[in-house]
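You will see two complexes here that share chain A, one where it goes with chain B and one where it goes with chain C.
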Partner chain A sequence: MNSKIRKILPQIATLLAVVFVFGFFTFNAQVNMDNRGIEFGYGFLSQESSFDVQFSLIEYDGSHSYARAYLVGLLNTLLVAFIGIIFATIIGVVVGIARLSPNYLIERSAAFYVEFFRNIPLLLQIFFWYFAALRALPLPQDADAIFGVFFLTIKGLFVPRFIWVNLDIFFYSLIAAIISIVVIRNYARKLQESEGKQLPVFSISAGLLIILPLLAFLIGGVSLSFEMPVLEQIATTSFKYTGGLGLPPELIALTLALALYTATFIAECVRAGIQGISKGQKEAAASIGLTPNQILKLVIMPQALRIIIPPTTNQYLNLTKNSSLAAAIAYPDLVLVFAGTALMQTGRAIEIVSITMLTYLSISLAISALMNWYNKRIAIKEK
Partner chain B sequence: MYTYIKRITSFLAMFAVLFVFAGEAMAKKSKTLKNTQKKGFVRCGVSQGLPGFSNADASGNWTGVDVDVCRAVAAAVLGDAGKVKFTPLSAKERFTALTSGEIDILSRNTTWTLSRDADIGLTFVGVNFYDGQGFMVRKDSGITSTSQFKSGISACTNIGTTTELNMRDFFTSKGISYEPVAFEKADEVVAAYDAGRCDTYTTDKSGLAAQRTKMKDPDAHIVLPETISKEPLGPVVRQGDSVWEDIVRWSLNVMIEAEEYGITSSNADSMKTSENPAIKRLVGAEGELGAAFGLDNEWSLRIIKQVGNYGESYKRNIADPGILPDRGPNQLWTKGGILYVPPAR
Partner chain C sequence: MSKINLLKPDKQNLSTYLYSGSFLFFIAIFDVFLSSFFGINITSFLPNSISFLLPLILGIVGLHLIRIEFSGIKNLDLLNKNINTSTFNAVLTLLIIFTVIKSIPPIMSWFIIDANIAGDTKEACTGSGACWTYIKIWLNRFIYGMYPNELQWRINISFILLIALAFVGLIPSEKIKKFLTLYYVVIYPIIAFILIYYLISGGSLGLEWVETGAWGGLSLTFIVSFFCLIFCFPVGMFLALGRRSELPTLRYISVGFIEFWRGVPLITVLFMSSVMFPMFLPEDFFMDKLVRVIIAISLFEAAYVAEVIRGGLQALPRGQYDAAKSLGMGYWKMHIFVILPQALKLVIPGIANTFLALVKDTPLIFVVGLLEIVGMLNLAKTNPKWLGFAMEGYVFAAIIFWIICYAMSRYSYNLELKYKTER
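Entry: the complex of A and B
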């Protein structure tokens, strides 16, 4: 009985303390807000926002609501986080493996890259990429086409827009290709288990992925054309591109800075993961006749991933949270649009900051949950 | 599973507490004046650097017409115009800094609008600069009027200001599609526009004139003649302290009225023997004007002597540095402008 009370008492005391602290701050905020005639409420979200945003994935202008502006900011944050994570992962894996290369030059340049980029504050890097790019890039009228179709200018990167005819048929052909690949893979596994024969699954899959969509083009009536960006003059010295797809320089600079910065940490995670596998594993695998590719794929990577995933999850979370530095260079992310402009126009600091905090919390928890699920899937099943 | 539910419930409970605690409004007297006198300095929020309005020099001395409003209040309530602590604030931070009590006066080229005045716990006390939003373009663009703007134009500006809203009203009403590029800090707006990221830079015209002086080649840019909005800029105080509100309002009004009566920092003392009772009241030789605020009778004399009248402040901060030599609407009503303040009596 006594020991039970002794166990519970500190917990109750802690809970009371937490409730008291929360309560005190809430009470204080309420009193202060009352005194200053500030009302608390989320009703403003349905009001007309009356400000425009530079770059939006969904249809939006000032006649939409603040809730819609929130969505615009959220999607822009997710976009930069998504692209950033993909690039950071690719660069990180390549650099991480390069750091283990027996080639001195490759190993040293990878090490230099990691030490250089991870030791400079991220905000400075964002400013550097943005203003360096702005100073270095040509004006739209001076831009030379890259591969004849891309235009990288001070006003952004302009690429041709795809215009599809019968896109659905193309889509079906892709689905058909994927289904047949799954079937062939299963068949190949069975074949290997029963007869020990190996099929060149990779080449067959690649072939299917090319041939089926190609058939869709040739006989399915699918066609693809490009809408090229066209230079248009808006004043004597002011030009812009119309048509095509335009990516603002703010997005490019931010993605570049985030990816290059986060990739250094991911590279170290990858290196740690691979070095964490004892040499004996590789030698044992070689001794039973596996090829170097098979060793990496079947022996080293499955074990290394266990070490790589958890710290890499942290880096993904960091990248997502760091994307809020976008406000410094005018990329309209959640912080700039919602916790910036919307907060200013409505003056609802507590409401908007609380929504923004909960949003980042949810994004982070979602990424975390996804990575934990993946980590569990690849974990060694102890039998 | 059970522990999960327990955890979630306790988390929710904490959250509920956060919102349920209803605060009862407590009757409070205005304390800002008392606190200011106890601290010995006026806490004033200013911009992060806008020449002519609030700008710090290399040694950290703040100057500008917005700065002078705070200096006037310091002269009135503390007897020394130098006793001001300036806090540079971004457009986004300014109102929160004021309502949370970090500063007591916000004098930061802030536009007086209905929603700001009524909705978010602020009170505007007056107008110390009548401004309007304009556009700056590169001279070699050949644009000389906003009527030459075409769809696709990109416009650099600040977030968190009325500028963003006016810009939308303007372009939407003209049926022009535009690309707004909005930065948090003015320095980045200028840098991006100067680099060629945007075709035009839009903000209050006084701001355009001031920022132009910071550019690589100021002569390569022009401010277009059109004004697309009304921007009455003025000092702001927290709601709920009417005595403090009156002190700030009348510190500003005294400066403007002093100019009207020709009282300057150099002749203020000699004006005590003036024949005109209105002048005598302003320099504290007649009446009991300070008593209403709990101040002595020389409060207004100190403002005029230490800070000067509005005309002196304008000349020193805006006209002489060449930002806006022409006073335009910021001239006294007696001289064709719209500066008109209620009488100090």
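Entry: the complex of A and C
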């Protein structure tokens, strides 16, 4: 009896405390909103936003709704996160492997990079790239072309734009290639398990990935051309680029800082993962006659990836969340567009902040759910 | 003397290979050194591209010639093993050496040779390097923010007292040692709070009141980090215990709390504390924005601390719990004397990383209008009298943050070694 009470009492007490705090907050919010004459609701989302966003992936101007503005911000956030993750992974893996190099100088340089970039606040790095480094770039009229096609100027990076004809057919061919690769891989595995024969899966996959899109170009009516950025004079001393694809300096500074900062953490994850595999594994694999390539592919990497992937996903998540620092340099991401401008205009603090937080929360939870599923799939199945 | 095969350096003609190899290698480095430090190109008689690549080619050949296995010379073997195992490694080694040599002159000239520190105005900065005059003039603002100059002794005294009091733990007296944990966990934070409330904030005891909006600079960074560190640790510990609790209600609430804070970026949390939180409070109730920020950051970091500590709790073998229970210990006794001391010891690196993240997150408080050192930099940068010195400011702040964070990580590494026990 006594032990039962000791189990139930603390639970009831905490529950009451939580309910009380929430009730208190809701009550106050109600009173405050009544006093200010605001009514709680999400109806404002369909109203006209009447503010402009300087960089948007989808068509948007002031006549669109707040919901559309939210979408613009969300897409901009995802764009930064996506580019940042790609670069952070590349740099992180290279630096992580360099940390294990037998070459003393390489190992020290990689260590220097990691210690340097991860001990400086990310916000400071973003400011540095945006306000100090990118401001030293030339004006549009003075910029030299890099490789003849890129123009890196103070107004941003200008690259040629791809102009696709029948892009959807190209996509279908890619999807078809991927599906057939998966089928062939499964078939090859079955063949090896039942008869011990090995198919050259890698070359077949690479071939499919090249041949199918090529077919789409040759007979599918897909074609690709480039539109080059062209310098245009808009006033006596003012120039700008028209045509092509312009990436604003905010985007460049943000992705640069995010990638360089997150890469240090990914490098440490990679290093820990490879170091976590005991030497005996490598020696055992060599003693049964596997080649160095096979050792890496069949013995080391599958085990190292099991250690590397979960913390690395965490870093991807951190990068996505850190991309909200965009607000500090006025890159129009979710926080700046929605929790900044839209909130200032409508004054709907509770609704807007809650939507913003829920958005980030659902991205995080979705990725962690995916991670847990993956972890379960690759976990060592002990007997 | 046997035949010399240039493709396969061996031990027979050791000295020939060694002398020619190191000669080429040093020529390569000398060439880069001259062109970098003195602007002299000794190979200018060659076509441009060859002249550019020559040091690299010479270096590769040189390193190839001295790559002799088991030469019997200890230093040569060591060198080969460390920087010269293969041609690929040799190329990387050379590229790194060249990059270092190439980057020393511009960095040195920016930092020291062409830099200015004399004078009090922008005009004093005539060199092409950094303008340290700017940092010198604004140093006071970078450290104390907008805090009135004549009252800054209050911040100084508070910080000196706090640092002095932090060293109490070094007194090697057995009598005091028993109370050290209590001192650091309870008494020290209370003293810190009293000092900051009465001395820095003022408003009573005949001291002039300084509103928190005027606080700023590095001292604000320290104040925010200090209180957040102190608050987030116990909260995180209870959350970790809650998440591991057998009582379902406690567990679900802890899980929900932790996952919520971990799922959102700090900047939205600060937005919440500045625009949304006041709506949740009674109308006549006022909470200073510094207090709101400290609560927000503490709760945010507490969730991360909780996950780290949970890792430590999970890593402990079940036997520890069973042994403690079999001695008749209750839940709290078991955790305080057996489980937590071991679990916390295990997660020192993780906790240190979380604390580092916290210190690096403090600049974000610009969202609510509090300007610590990075915020002050951005303010100074826009001052019409001092336009164009963004680089100096950011480099200065980066050096300060780097020193703080690097010192913290070294300290945690030492702690880890100190408390490491064989099991």
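The working rule: the second predicted complex is superposed on the first by the 304 of 383 C-alpha atoms of A that agree within 3 Å, B and C clash if a C-alpha of one lies under 4 Å from a C-alpha of the other, contacts with A are read in each partner's own complex, and residues count from 1 in each chain.
What we mean here is this: a residue touches a chain if its C-beta (ideal position, glycine included) is under 8 Å from a C-beta of that chain, and two chains touch if they have at least 3 such contacts.
Everything numeric in this text was worked out from a predicted model, so none of it was measured.
Contact with chain C, but none with chain B, is seen for A:Ile106 once the two complexes are overlaid on the shared chain.
When the shared chain is aligned, chain B and chain C each come close enough to touch A:Ala327. In the superposition on chain A, contact of A:Gln345 is made with chain B only, not with chain C.
In the superposition on chain A, A:Phe150 makes contact with neither chain B nor chain C. When the two structures are aligned on the shared chain, A:Arg135 is found in touch with chain B and with chain C. In the superposed model, A:Phe171 makes contact with neither chain B nor chain C. After overlaying the two complexes on the shared chain, residue contacts for A:Leu365 are found with chain C alone; chain B is out of touch.
Once the two complexes are laid over each other on the shared chain, residue contacts for A:Leu123 go to chain C alone; chain B is not touched. By the document's definition of touching, neither partner reaches A:Phe217: not chain B, not chain C. Touched by chain B in one complex and by chain C in the other are residues 15, 18, 28-29, 31-33, 35, 131, 135, 327-328, 343, 349 of chain A. The residues of chain B lying in touch with chain A in their complex are 10, 13-14, 17-19, 21-26, 28, 91-92, 95-96, 99-101, 115-116, 119-122, 137-138, 140-143, 148-154, 156, 159-161, 164-165, 167-169, 172, 178-185, 188, 191-192, 195-197, 199, 238-240. The residues of chain A lying in touch with chain B in their complex are 15, 18-19, 22-23, 26-38, 50-54, 61-62, 131, 134-135, 139, 154-155, 232, 234-238, 240, 242, 248-250, 327-330, 332, 336, 340-341, 343-349. The touching residues of chain A, when paired with chain C in their complex, are 7, 10-12, 14-15, 18, 24-25, 28-29, 31-33, 35, 101-106, 109, 115-116, 118-125, 127-128, 131-133, 135, 321-322, 324-325, 327-328, 335, 339, 343, 349-350, 353-354, 356-357, 360-361, 363-365, 368.
Against chain A, the residues of chain C that register as touching in their complex are 81-83, 85, 89, 92-93, 96-97, 246-250, 253, 259-260, 262-268, 271-272, 275-276, 279-283, 356, 359-364, 366-367, 374, 377-378, 381, 390-391, 394-395, 397-398, 401-402, 405-406, 409.
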